[in-house]
Every structure is written in C-alpha cells, then in structure tokens.
Amino acid sequence: MTKDQRIKKRHRAEARFKLYGLLSIILALTFVGFLVFTIFSKGSDAFSKTTIKVNVSFNAEILSLPSNPSLEDIQDADYYDLALESINKLLLTSNPDDEKLLKKLFSPDFDLEIKNYLVKNPDLINQTQDINLTSSDDIDQLFKGNFPRDIPEDRRQVNDRQLEIFDELVAQDKIQKKFNNYFFTNGDSRDPELAGIGASLLGSFFSVVICLILSFPIAILASIYLEEFAPKNKITDFIEININNLAAVPSIVYGLLGLGILLGFMNFPRSTPLVAGITLALMTLPRIIIPCRASLKAVPPSIREGALAVGASKFQSVFHHVVPLSLPGTLSGTIIGLAQALGETAPLILIGMVAFVVDIPGSPIDPASSLPAQVYLWSESAERGFVEKTSATIMILLTFLIVMNFIAVYLRQKFEKKWN
Amino acid sequence: MNNETHIVKSYEEELQHLHDTLIQMGSLTESQLSDSLEAVIKVDKESTDKIIKSDEKVNKFRSKIDTQIMNLLVKRAPMAIDLRSTISALKISQDLERIGDLAKSNAKKVEPLPLDLPDSLVQSLKRLGDLVQKQLKDVIDSYVNKSLDKSLAVWKGDEKVDDLTHLAMNNVMDFLSKDKKNLAFSTHLIFVTKNLERAGDHITNIAESVYYLIKGEYLKGHRPKGKDTSV
Amino acid sequence: MKERKIKIKTENLEVYYGEKQALFDVNLEIHEKEVTALIGPSGCGKSTFIRCINRMNDVIDICKIKGSIEIDGKNINHKSIDVVRLREKVGMVFQKPNPFPKSIYDNIAYGPKIHGITKNKGELDNLIENSLRKAALWNEVKDRLHEPGTSLSGGQQQRLCIARAISVNPEIILMDEPCSALDPIATAKIEELIDELRETYTIIIVTHSMAQAVRVSQKTGFFHLGKLIEFGTTEKMFKNPSNNMTQDYITGRFG
C-alpha cells in the first residue's frame, strides 16, 4: 500500500467513526424524544379535570342552619341533600333512575365541594351561585376523548342514558375543562378524579431533604478524613474497598436494613419520610463519598505544598485550599446521588412507603408515599383515569431530576470559574 | 589533569583545537626567533626577507586563536580548568605575537650591519640569544606537558636573561666607544639586545600564564631581576 | 572580609526514604544574609536537603531523618519545635509557580491571616503592598489585586510566590530551581530580585544552571549521590575547585 493509500484509509476510518458517533447520538435523541413524547402526550391530560356547572342555591333551611350561623355551624352542616337538589336541577326530571345516573356523573366529593365553597364565601347563604363541580372519572375520560363510545353498552362504564345526559350538558355548555388542582393538593384516592400526588410529593420532598441533611455532612467529612488525615494502612484500605462495594449494593438491601433496624429494632413509625430519609441516606453515603474522594485526590499536591510552606497547619491547608478546589466535583456527585435517591423505589417498598396514603403529611413523621412508589401503585390500577395520572407523575419526577441535574451543572461551572 | 572527556564532543574538540593552534603558533614563533638570531649573528642579509614576511603568519595565528576563544566563551561559558585554559591561551597568544614582532624587528636590523663585528660582541649576543631561545622552548614545553616545575624554572631563568643582557649591552657600549663611526651600528645592536631582553620578559609572562593555568593561583612574589640594564 | 554569622548548621545529616538512603553524612554551614547555591546532577539529594530545612519532608511518611539540623543554634527536629512556626520563619518557593487559585490579594493575605500578623485591614493592605514591592511585582499588579493569581504570566506568578513567602516575614527563603520553568527575561528579573533580597534574608537556591549559581550566589555546595562533595565560595568553586569530581561536573565532563 502506498503512503497515499494509507493516509486515505486512515481518513476514511476517521470519517466512519465520526459518522457512527453522529448516528448513535441521533438514535439516542430519537429514543429520548419518543419517550418524552409518549409520556407527555399521555400525562398532559392529568393536569386538567372536567367540571360540570351546577346552579346551587344555598338554602339555609335545607342545610338546617340557624339564623346568623357561625363558621362552625356552616362547617358542621350536612350538604348532601342540598347537593342532590342542586344537581337534579340540571335535568328537570323526577325519574328516580335518572337521579341516580345523574349523581354518578359527579365525583363522590360533590357535596364536599359545595360545602367548601360556602365555607370560603359564607355570605352566600340564601343566595344562588353557579359552581363548577368536579365530574366523575368516567365523564372526565369521556370528555377528554379517551373513552370509546362505540362499544356495546354492557361493556361500557357509562350507559346510553348517561351518554344522552352528557351530550345534552355539553350542548348547554355546562361542561368545561379546568386546571386540576386536586392533582397537587390531594393524596391518593380510589377515585381517579380525586387522586393526587400531594402526599407522595411531600413524602419525596421530606425524604430527600432528610437524606441530604444526613448524608452530605457525614459523607464530606468522612471523605476528607479518609483522604487527607487517615494513615495509609491496611485498615483504611479495607474501608476504601468496602465503601466502593457499598455503592454497588442493590438498593433493596438498604430497604431490608431499614426494615430490620429502623422499623424492627428501633421501632420508628412505619411508612414515614423520616425512615425513608435515613434509609436513603445510608444508600447515598457511598455514592457521595466516592466522587468526593476522587475530587480531593485530583487537587494537585502543589497547592497543598504551597499552603504548608507558608505555615498553614495540615488542617488549614485541607480546609482552606483543598476542599474548596474539590467542591465542583463533590457537588456534582452529591446532586447526582440525591437525584438517584429521589427516584429509588425498591428500598421504600420495604419500609412501607407504598401504603395507600390519603392525608397530606404535615411533618416527616407522618405517613407518606413517594413519587416513584405512587407511579408503581397507580400503574397497577384498572381505572382509565390512573393512566394519565401515572404519566403525569412520571413527568413531575423527570422534571425534578432534570432540574437537579441542571443545578449540579450550574454549581459545578460556577465554582470552577471561581477557582480558575 | 582530567581523565574524563567532555560529554559534548564538539566542546572537547574545540578545546583541543585551541591547544593545537597555540602550539603551532609557538613553534612558528620559535623558528622566527632562532632564524632572526642566526641572521644577526651571521649577518646573513639574504634570509631576512623571508623572516619578515613570515611574521604575517604569526599574526594570522593570533587572529585565528582570538576567534576560537570568542566562540568558546560565547558557546560554552567555560568553567574551572576550561576557563583557565581559555584565558591563558588568550594571554599566551598575545605574548607569542609580541615575540614574533620582536624577531621581525631584529631581522630588519641585520641589513645595515657590517660584516666585521668584533667577536666578543657577537658571542655575547649569541649567548643571550641562545638563552632566550631555550627559555621559549622550555616555556612552550611547560605548556604542552603542563609542567609546573618547568614553568617555574623559566620564570626564575629571567634573572639570567637580565644578566646576559647586561653583559651584551656592555660589549655594545665598548664597541661604540672605540670608534664614533660605529654609532649607527651600535644603535641597531642596542635595539637587538633590548628586543631579546623584552622577548625574555614576554616568555616570563607566558610562564606565569602557564603556572596559573595549572595551579589555579597566581605566582606570588616579584620577578627575579638581574642587574639593572638601564645603562 | 569577616565571615557572617552561621544561620543554619547541619551535622551528620542523613535522610532515608524507607530503606533507601538519600543523604549521607552532610555537614554544612549556611551563613546569614547571603545566597548559597546547591548544585549537582539530578537525584543527588539537593532538593531533599532543602526540604529538610523547613521540614517539608514531614509530609512523606517513609522519610526518616538522622543527625541534626540547627537554625540559630536550635535543633529544628526537636519535639518542642512547632513546625508551623518553623515554616513561618523558613519560606519556600517551588520549581513550578504554585499560586493559590485565589485573587492576588488573597494569595499574599493568606499567610499573615493565619499567623495573625496584622491587626486590621489597613495593616494588611500595607503588608501586601510591601511584599509585592519587595518582590518587584507591585507596579505590574497594583491595579488588579482582585484578579486571580493564576491569570499572571509564569514569571509574574513566581514573583507572586516569592511575595507570598515574604509576607510572613521569614528569615530564610528556600528556592528549589525557581527559574527552571521561566523564560530568560523572567529568569533575569528573578535573579535581580534575589540580589536585592539577600540584604534582608538568608537564601538557599537549588539550581541546575551553573551560570546562574555563579551569577547569584556567594557560596556553593556540590552534591553527588547524596554526599556533599565540596562546599566553598562560589568564586573558588568555579575558577579552581578543589575536588576533581566537582570540576568534572561543572565543566560537563560527567553528569
């Protein structure tokens, strides 16, 4: 082969390699795009809910309210009859079957919604007001177009008569889509229209915060000690090997640890973000220690020598010079570790965070769920309404992860700029 | 003095080349000196042209050595023995050139001399000349062999040169006083004597340079002086 | 000329890295307020030697020291000596300039701050200006004290490191081949600086350049394979060394 041919061959090989790289990137982006599109298209519907406009007259008599009622009286009254009366006005029929069907058009909380409205606006007593009440899950899906209407009646959730009423209400422009606040404010529910990620969102938030508070300082200080101060002998080698191994341990094992020690031995409250936070912290510790140590190792010895030569003690040279220089790598590692912790499901299953939690947790020691656990639970449910909610939850989770990774990149660049 | 050679071969070669060139200059100077002396003793007026022309070659050597030394200083920044070698070569070449000039000057003085100079005068000049020649040969040997003893001996030998100069001078004075017609000849002969003495001084300079080169210290003490020759 | 007072004295100094011996029975006296150069081929122990003077070898676990090193008559390896105070007294400038990745101001301020040398910001500002002036850097950086130290050129960075060493008011400055990473002009500026500094500080400089040792120092020590072969005035060392090995080294007959 002549020299020219050889050079041409090399150039062609390079061009091919670049092409492969480009194709891989395009392929990867295609997959990502596909994923994002699928999830977003399925999940975007969850952010809106169908409502039916109902004219409610807050008749004090039906509510059995005294004259000049206090707020307590308003809250204690029974709104069921008033609610029924209001919705029956929609159809102007006295057919009892119709009434039953009509009720099924609404969410089970329809009387509560009316009550909450009056509690917020107590001067509406003996007034009438148009209120948008949340529709039932079936109507919601029907209005969103996810419901096939052309299958035989006995295989449908919604029967023909209901369909008729629905169509008529649509014609009367009483059915609208509004922002689904329940998705964020409510806890889990058997009824998809009322179900929300409130409990799991806060649960995840508390868990991650507790995980951060516990794992970050311990991990950083442990790394600094092991890297800078500990004598280099067999014991520290042994510790280093173990830390590396711990990072690779399946997360479910940490769940077992949490179950056995925290719940079993120490009797911590089950299914709480506190336990989840501690378990996740144990899991995240090695995942922070490893990048932190690598960052510390990467600081050139000339910086340490320079500090020592000026009369700094070992402690001062480490904390004033080495640690700040290692911050970019450490922070990246921490945030990636936290992002992983956010998305962990297996250990949380074992400590009970897959329970069915309705109430929003007020503190880390109230029972809660977590976002990935919520995705798992909802994905198992039969109702159609949960499909979109599952995807929406995944969207929220992904958004958090992306935001956290961006913060990692930003902090890294900010600190690198400062020190260079 | 050293068993090892320089790591950089070209450095070694440059120093060797300088050494060789200096020795060549020394040889040429030696022959110039002896030829001019013979010409004076035998009043050989034919050979003087050649001697005078050959002084060109001595000067050329001087330039060549100057250039070599410049290059060494700039390229090599010589240290210790190499530094002393280089500086000594500079000084020695200067002194050799001066000796060459003195030999030429003597050759020039042959032309007007008579053929019937008194024997005693000629003999005293010959003795002086032979001694100076020997001094030159010895000092060049001391450089070649790096002999401390020899250079010291040459340095001390300047005393005898002074003595023989004094003797020769006296003879010339006698010759002058015998006949006023001898004034012109005597003047030339005084110059010839003085030139030989000065050649001796330059040779003593060379001895001092060789001493410094070998020992690394300067010769202490005053030069041994013979009788005062300022008549 | 009357010989100056002895500042540093080593007796039977031996240094081991684990099993390997790096310095053999080194006996040396360094006089105050003059520049002593240490020359010798690579690996001969000169850097090891100066790192003993400010106990930088302490950070190397396997390094063991035998024999005595005295500064102003006191043994610096004695238990009672605080190595941090020692390093305040004995400053060091390294081969590759290593300014802290901080501003120029903070680079110099660090030492005085940790040693508590100044009482208020005004004093600190003055100290920093003085140090930079003494290091012949003030005019070049006075308008950009808050820019990072690493934004300076190589020669300026080295002068910054010298200013940093001076800021804690040492008595001795150790320089380990300070010009080897610099261009000729930067080198010339540092050599000029060393000439000025020797009026105030005792300086030991390790150098590979014979010519630099000649230009800069008054005394020179030649090391070979861990032994001190010859020590004396620079003039004698370079015109007429006593030891053949010294001569062979400085003339380039062996390396």
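For reference, chains read A, B and C in written order, and residue numbers begin at 1 within each chain.
To be clear about the criterion, a contact is a pair of C-beta atoms (placed from the backbone, for glycine too) under 8 Å apart; a residue touches a chain by one contact, two chains touch by 3 or more.
Because the structure is a prediction, the values reported are computed rather than measured.
K.L.:
What's the overlap between the neighbours of chain B and those of chain C?
P.N.:
none
K.L.:
Going by average Cα coordinates, which chain is farthest removed from chain A?
P.N.:
Farthest by centroid: B.
K.L.:
Roughly how many whole angstrom separate the Cα centroids of chain B and chain C?
P.N.:
Computed from C-alpha means, the inter-chain centre distance equals 52 Å.
K.L.:
If you average the CA atoms of chain A and of chain B, how far apart do the two points sit, in angstrom?
P.N.:
Their C-alpha centroids are separated by 106 Å.
K.L.:
Rounded to the nearest whole Å, what is the centre-to-centre distance of chain A and chain C, using the mean of the C-alpha atoms as each centre?
P.N.:
Each chain's C-alpha centroid was found; their separation is 60 Å.
K.L.:
Using the touch definition up top, name the residues of chain C that touch chain B in the complex.
P.N.:
210-211, 238-241, 244, 246-248, 250-255
K.L.:
So in the complex, the part of chain A that touches chain C is made up of which residues?
P.N.:
231-232, 300, 302-313, 316, 320-321, 325, 419-420
K.L.:
With touch defined as at the start, can you tell me which chain B residues reach chain C in the complex?
P.N.:
Counting only chain B, the residues touching chain C are 2, 4-8, 11, 77-84, 216-217.
K.L.:
Give the list of chain C residues in touch with chain A in this complex.
P.N.:
Those residues of chain C that touch chain A are 54, 56, 59, 61, 84-85, 87-88, 91-92, 94, 96, 98-101, 110-111, 114-115, 148, 150, 161, 164-165, 167-168.
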